[in-house]
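The chains carry the letters A, B, C, D, E, F and G, assigned in the order they are written, with residues numbered from 1 in each.
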Amino acid sequence: MSGLLGLYNYWIVIILMMTGFYAVIARPNLIKQIIGLFIFQTSVFILFISMANIEGGTAPIIKEGIRLYSNPLPHVLILTAIVVSLATTALGLALVVRIKEAYGTINEDNIHVQDEED
Amino acid sequence: MLISDLPVLQVVIPLAAAPVCLLLRNPRHAWACALIASWLVLAIALMLVQRVHAVGTLSYAIGAWVAPWGIEYRIDMAGALMVLVVAIIGALVMPFARRSIEHEILEKCTGLFYTCYLLCLCGLLGMVVTGDAFNLFVFLEISSLSSYVLISLGSRRRALTAAYQYLIMGTIGATFILIGVGLLYMMTGTLNMVDLSQRLPEVANTRTIMAAFAFVTVGVSIKLALFPLHQWLPNAYTDAPSVVSAFIAATATKVGVYVLLRFFFTVFGMQFSFDAMHVGEILMLLAVAGILIASLVAVFQDNVKRMLAYSSVAQIGYIILGISMASAAGVSAGMIHLFNHAMIKGALFLAIGCIFLRLGSAELRDMHGLARHMPWTMAAFVAGGLSLIGIPLTSGFISKWYLASAALSGGYWPLVVLILASSLIGLIYMWRVVEVAYFHVPGTMMHKVREAPAVMLIPTWLLIGINLYVGMDASLITDITRQGAEILIGEALQ
Amino acid sequence: MFIAISAVILVAIAIGLLRAFLGPTLYDRVLAANMSGTLTVLMVAVLGFMTGRPEFLDIALVYVLISFVSTIAVLRVCGTGCGASRDPEADSGEG
Amino acid sequence: METVIYILSWIFLLGGAIFLLVGAIGILRFPDFYTRLHAVSVCDTMGAGLVLAGLMLQGGFSLVTVKLLLIFYFMIFTGPTAVHALAQAALQGKLKPVVDEHEQQ
Amino acid sequence: MSNLKHAFNMTLFLFAIWLLLSGHYTLLLLIFGLLSTLLIVLLAHRAELIDREIHPVLLKPSLLPYWLWLAREMIKSNIDVSLRILNPRMPISPKIFTVRAGQKTDLGRVTYGNSITLVPGTVTVDVDDDIFTVHALTQEAAADLESGEMNRRVCNVENVF
Amino acid sequence: MSPELTVLACVALPLLAPALITALHRWPNPRETATLLTSGCLFLLVYSLHDDVLRGSRPAIDLAEPLPGLKIGFEVEPLGMLFALLASFLWIVTSVYSIGYLRSHHEWRQTSYYSYFAVALGSAMGIAFAGNMFTLFVFYELLTLSTYPLVTHAGDDNAREGGRMYLGYLLGTSIILLLLALVWTWSLTGTLDFRAGGILEGVVTPGVAGILLVLYIFGIGKAAVMPFHLWLPAAMVAPTPVSALLHAVAVVKAGVFTVLKVVIYIFGIDFLANIPVTQWLMYVAAATILLAAIVALRQDNLKLRLAWSTISQLSYIVMCALLVTPLGIVGGGMHIVMHGFAKITLFFCAGAILTATHKTRISELNGIGRHMPWTMAAFTVGALSMIGIPPTAGFISKWYILLGAIETREAVAAGVIIMSTLLNAAYFLPIVYVAFFRTPNDTLESMPGHNTRDTDGEAPPLVVLALTVTAAGTLALFFLPDLPLDLMLQLSGGSP
Amino acid sequence: MEILIDTILLVLLMITGFSIVRMRSLLAATMLTSIYSLLSASLFVVLDAVDVALTEAAIGAGISTILLLATIALTTDREKPPQRTPMLPLIVVIITGMALIYGTLDMPHFGNPQAPVHLHVAPAYLHDTPGEIGIPNVVTSVLASYRGYDTLGELAVIFTAGAGVLTLLGYRTRGGNSMDPGIRKLLILRVIGKLFFPLILLFALYVQFHGDYGPGGGFQAGVIFATGFILYALAFGLGNAQRLIPHQLLRIMVAFGMLLYIGVGIESMLLGGKFLEYNVLADDPVSGQHLGIILIELGVGITVASVMLMIYYVFRSRQPEGDL
């Protein structure tokens, strides 16, 4: 892998991240935003895991006869981050349910209209 | 458990108390549990300040794994001050909380409320003392998630949208921080802040580090509600339960500022942050814009909590302004204001909490002639307001004084005028409340209103007392902040 | 060789994805998702052999279970209420 | 013997891959939801079975084989159940199957 | 009494699976395995899931002929369906019809239903007591099923349970 | 009691008085007695200090030091002594007047009125005795805040409007300009103490000193130098005793007093004399004198005319200060006292007229001197003093001011003083004239709802008593100016 | 050659991502999200991150899809077309993306063994784990011991989410044995559920206790365990599931897991070590580490399983009666 070819991997991941990010900030539907957030975060995880990769390496479970392992630290970090992302998703969805009950809609534009009427 | 375990204990105690609270069915018991935990935290915080003062920066390797391999807790003077701020607010809010929560939150949620409260406390403390960039992210999320829940407990339905908005923005911010930390890790191979700071100079001029810097800065800025990333804040503070507004307004954004300080000075180093990235200029611009615009917006708010929320955005601008000067005087001024503003906003929101308890509203139009019926509460509010404006003999004056003189010595002329002029805008919005409460004829509904109970007034006045004490004798706090600023800047110079 | 097998499986997944985009009904999408799950299981198994660490089969096992439960969940949780007639994609094409 | 097993395993794997691909093509080509179910069945049974069998031969007899068997066992049960549940839901959701009118008469 | 036997069978079965999965036979892990198995049996007991219809019955050696027959059927119909998929004209003639299941037990019916689905070309669409609605890809597949051979074989299997 | 403690008591006593007054809010008579007692005690306390000060001692006490170089502390020096004496003496008189005035108007919220009044006086004491600029600033702000409720006492929208303007101007200028000047001074010198000869000399360049001076002069909004003067007419919505004591004496004099203090103790006269900006600022003050006098001429409302006159007269003192000569300082100091007595008399009279006849406009006052001879006689004395005609106190201060102007060869200043004297005469003498020599306007008296009985005779006795005392004081000070003069001479350190 | 598979997967992810944004049916978007998650899990396998892959699959394709579905069932499936112009978000996104791409320009190339990440801290973990911790799975050793405190934080996050969801949505008990009307039709599902419920639980416990040796650990185990119960609830109705594991028990388990973890930390402090210093838990440091890791993984597993299940209960119990 030479030159910029060694980086295209990251670029695709960045495009993925931005796809999710776009859904978060551009879509008025709350569930869609949560989905966007999920994609955004998952893509960030991919970025981390990509950086842990080592050419010719293998999973960091020590075994006789294997010399080269991938970096375990990002894996650990991402394990934690996945959990955090799940927690956020769960909480966000719970809020969405409550918002639906209180406003009768989960469209941000409609909610703003109702808020202004208050 | 020895005295050396204090750094970790103060985070672990609320963390351990949280599940206990979840188990306790009786709201009173849950409250008592949270109360004990928060007071223990305060006691530990005081001991920590004393110890840091005596022996200098503390370092605690969790699990006995030394620094870059394990997670390190690191408390220097600035950190100790932050711990103290969080602990004071956390401890004083608790006695206040019982009555207020009984009034504002459904009984079945009470135990859960205290659980979330303790988690939030734990998250904030963890963010302050940690010396590990990723651990910071984890504790940031603990505090954020719990504060989303706390905010959503507000009595109006708008609290839900406010919490949701905060959740979205907060998560974006946290993810940005995560990206930034990831990029940093990618270039250095370490997550420990001190280790990072030693390894960064080698790779400082890479574009990756610049991107990392940008992402961390933006991410943290969302958390600390730096203008124009503050949109979540006014709604969140307005619609949250009173106790939550007080606690979060006084601590969460402040801890965010502290994290920013850590990154700028400890991790990236002053030279990189301010000379290479020119973050000082950008921050200064945003701070100025934030101060002016948020103050002006605050003037036009009819809900007092919302007004205070916008005022918070402006006040954060002051803190950032101090930091953006990148001088020992500026940073220490910023930190003084950080402490003072935490106390002021805490007191003001508690006072509003008292009013809310009796009036069931924080709207200006409902407060006509309130001072007659709640003299102590309104007096506290006025005292806090004066401090917010920066009237002499209050803590707000001290911080504005330091800010102004830091700006003067840095040669930022217009800033001085701005600082003073904006405190005048502060006067305008605070005065609107005073005028309504003191100089208007009470409404017909008012005769039923009584003074708030003592358990709520005493914490409020304790905070006011801290304000006034600092206003009278700021030597203690300026000592601490000066040391803190010197350590921060000194680390940058090494 | 394993590479070739994995590549074929990936192509199959891609085709499944195409069905998931095209719909037209929700059930088609769920079906596609379910098939992608099966294919992923197989791919993971093959990958385990490719990298010489067949203990990764645990992951494949998890996938089997998870994809099954989530397929059931779609149908049970959204029930018949989310029927084909209400699939907005069917009448509007795309968002 | 080893060579035979080796070659056999690759035949299985390739065959499985082909069936998987065919199943995928089926899910794309078939005209309606209910017919697509059959294509998925092809994947679930033949495709998966052959690939796993190929892998079993590759791995020799060990715990790995057991796990592969377990996977297969799981798939044999979960696959049709999922397909059935889907079909049932679709039917209850008033999704009309396309049937061959001509043959019906 | 019989319940206890089923529970014991289940424990054995689960522990066997554990051993097959584990691959590490240290004392600690064996103890964990045993504890896990017991916990699960306890849970299953509480959920009233322990009766005749538990896994081991599906693995009885006497069922082998049926499994082999089913495998042959599957291979046959798989090839058939695959060819139809690949055929550019796609010669299919979908049909939906009902068959009557002759089995008495739930497990038997499920075996029948899933067997129908497992054989490509036919899918069990709905189960209503003993009336199964089936979707077939071709008339031939439908005819095969309607011939009732599978039903008969599954009924035989049921007796083994 | 040691002088240090006395100083402290002087500040603390009026600040604590509200507690007593509030405690007695159910019983009007003891409440007013408490006010009178406090004011009396205060005056005695202040007076007891004056000997020490004349003998050259400077009782000082420091309370706290919030920041290094920023102290809360008191120190008595002659100028402050003078101001304190004036304010505390006039408080007694005003208290007497207030009792009569408020009761006859059946004003509401009398308790809070007396309380805030006491706090305002306490702040004035704090200003007078402040040992450094920071303390002065603190009490300066406290004075603004404590007088706000008095200004808006009426509680209607009009009053609130006026109150907002009052607050906006005073706090605005003090925070933006004065505080800026303070911060700057502190960052340059590290202290804000009042020191003889100033603290800035040798530390700053004349250019910076010029900017600072501008900041100080305009920052002290209470001195009402144009263009920051509009709060004063706006504050006239207040009840008359408030206008009388606060807006003729305590507040505005606190302003010019601060100007004097800044000139003397922060800059130092000698240093200031070398700064070109000083002269320009003096011209601003001079312009204010003339312009305000011209505006006063056009006012029909009596209180407003007095207010504009106050603006004009305040700038006298500012101008004196900016003459930067010892004689000017003496003149300024004297004018604080002389103008204080005269202006309070005039306001008292305006209040008396309002109480007795419900009239506020000059054009309605035809022949009122016949009904209220005492009041109008006092008014005449006050007016003469304002113009500076002997034998009234105003003459003495004007004399010194003129001397100062001549000494520095400031032709403009001298000219302005003479011009303004003419203008003073032009807007005061007509009032005296119509009061005594015009026949009463019958159409007004017979207006429906007008209580004709009130027009026959004087205001309540307590009111008349108060204004008589101040008028007498105005006359007496002409003959016995020793007390203020000694103090001022001690300050300027020599003979005139 | 892995790079080829890696690339194809990334492209597939990209396509999936785009179509998720475009989909207007939320259910369809959810299904695609589940596929997205599964694909990224596969990518993790390709990139050797097996533990992460396990977790991502269990969470992304499993529990979070189920939660999304439950939310959609409670709200709506239809997304209205946006009224706002997407220009501003687009600009923000493009700027952010450009900043990131700019940042990548100086990055070490993908898989480069000389990258700083492979030189500094991580090698020590790989090198020291056998000696210091004594287990082959380095991810577990880092997770549970070297950075065990992060994991405690992670557990606290999950705990917060559980408490938060409970606070927000409250909890309603279902009438005991009631099965919804449609359940008669679910014969096949019920029987298969009955057969697989114990197997899934067994597998979860296997993952729990073999985290030291292979992919897995308390977290994954907890999620799989909860998934087993979710399957049970799906097949037999929520009421039965709640009877099997009552809410109150869940609440206790949630707290118990947390307290177990913290308790291990406190215990090591009481024994004279630092917080979470497992070395002191037994005479021999390595067996101390082992004991500590088993205990805290157990704590994680218990809390995660109960929180997941609790969240599921809470969401589902909000559904109107008879619609389960």
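One rule holds in what follows: a residue touches a chain if its C-beta (ideal position, glycine included) is under 8 Å from a C-beta of that chain, and two chains touch if they have at least 3 such contacts.
Note that the coordinates shown come from a computational prediction; the quantities given were computed from them, not determined experimentally.
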#### Entry: Both-way neighbours, i.e. chains that touch chain E and touch chain B
G
### Distance-maximising chain from chain C - centres being C-alpha averages
F
### Query
Taking contacts as defined above, which has more of them, D-G or C-G?
C-G
### Query
Approximately how many whole Å separate the CA-defined centres of chain B and chain D?
58
### Query
In angstrom, rounded to a whole number, how far apart do the mean CA points of chain B and chain G lie?
31
#### Entry: Interchain centroid distance [CA atoms averaged], chain A/chain B, Å
28
### Message
Show the residues in chain A shared as contacts by 2 or more other chains, in ascending order.
### Response
17, 21, 25, 51, 58-59, 61, 63, 73-74, 77, 80, 84, 87-88, 91, 95-96, 98
### Query
Where does chain B touch two or more other chains at once, residue-wise?
134, 138, 141, 145, 148-149, 152, 179, 185-186, 191
### Query
chain F: which residues touch two or more other chains?
none
### Contact footprint of chain B on chain G as seen in their complex
99-100, 102-108, 115-122, 124-125, 145-150, 152-154, 156-157, 159-161, 163-164, 166-168, 170, 251-252, 254-256, 258-259, 262, 265-266, 269-270, 273-279
### Query
Mind pulling up the chain E residues that touch chain G in the complex?
10, 14, 17-18, 21-24, 29, 32-33, 36-37, 39-41, 43-44, 46-47, 49, 53-55, 58, 106-107, 109-110, 113-114, 124, 126-128
#### Entry: Parts of chain D lying in touch with chain G, wherever the complex brings them together
74, 77-78, 81, 84-85, 88, 92
### Summary
In the complex, chain B touches chain F at residues 390-393, 397-398, 401-402, 404-405, 408-409, 416-417, 420-421, 423-424, 427-428, 431, 435, 438-439, 441, 470-475, 478
#### Entry: Interfacial residue positions of chain G with respect to chain C in the complex
1-2, 4-5, 8-9, 12, 15-16, 19, 22-25, 27-28, 30-32, 34-35, 38-39, 41-42, 45-46, 48, 50, 53-54, 57-58, 61-62, 65-66, 69-70, 72-73, 77-79, 81, 182, 189, 196, 200, 203, 207, 210, 214-216, 220, 224, 227, 230-231, 234-235, 316, 323-324
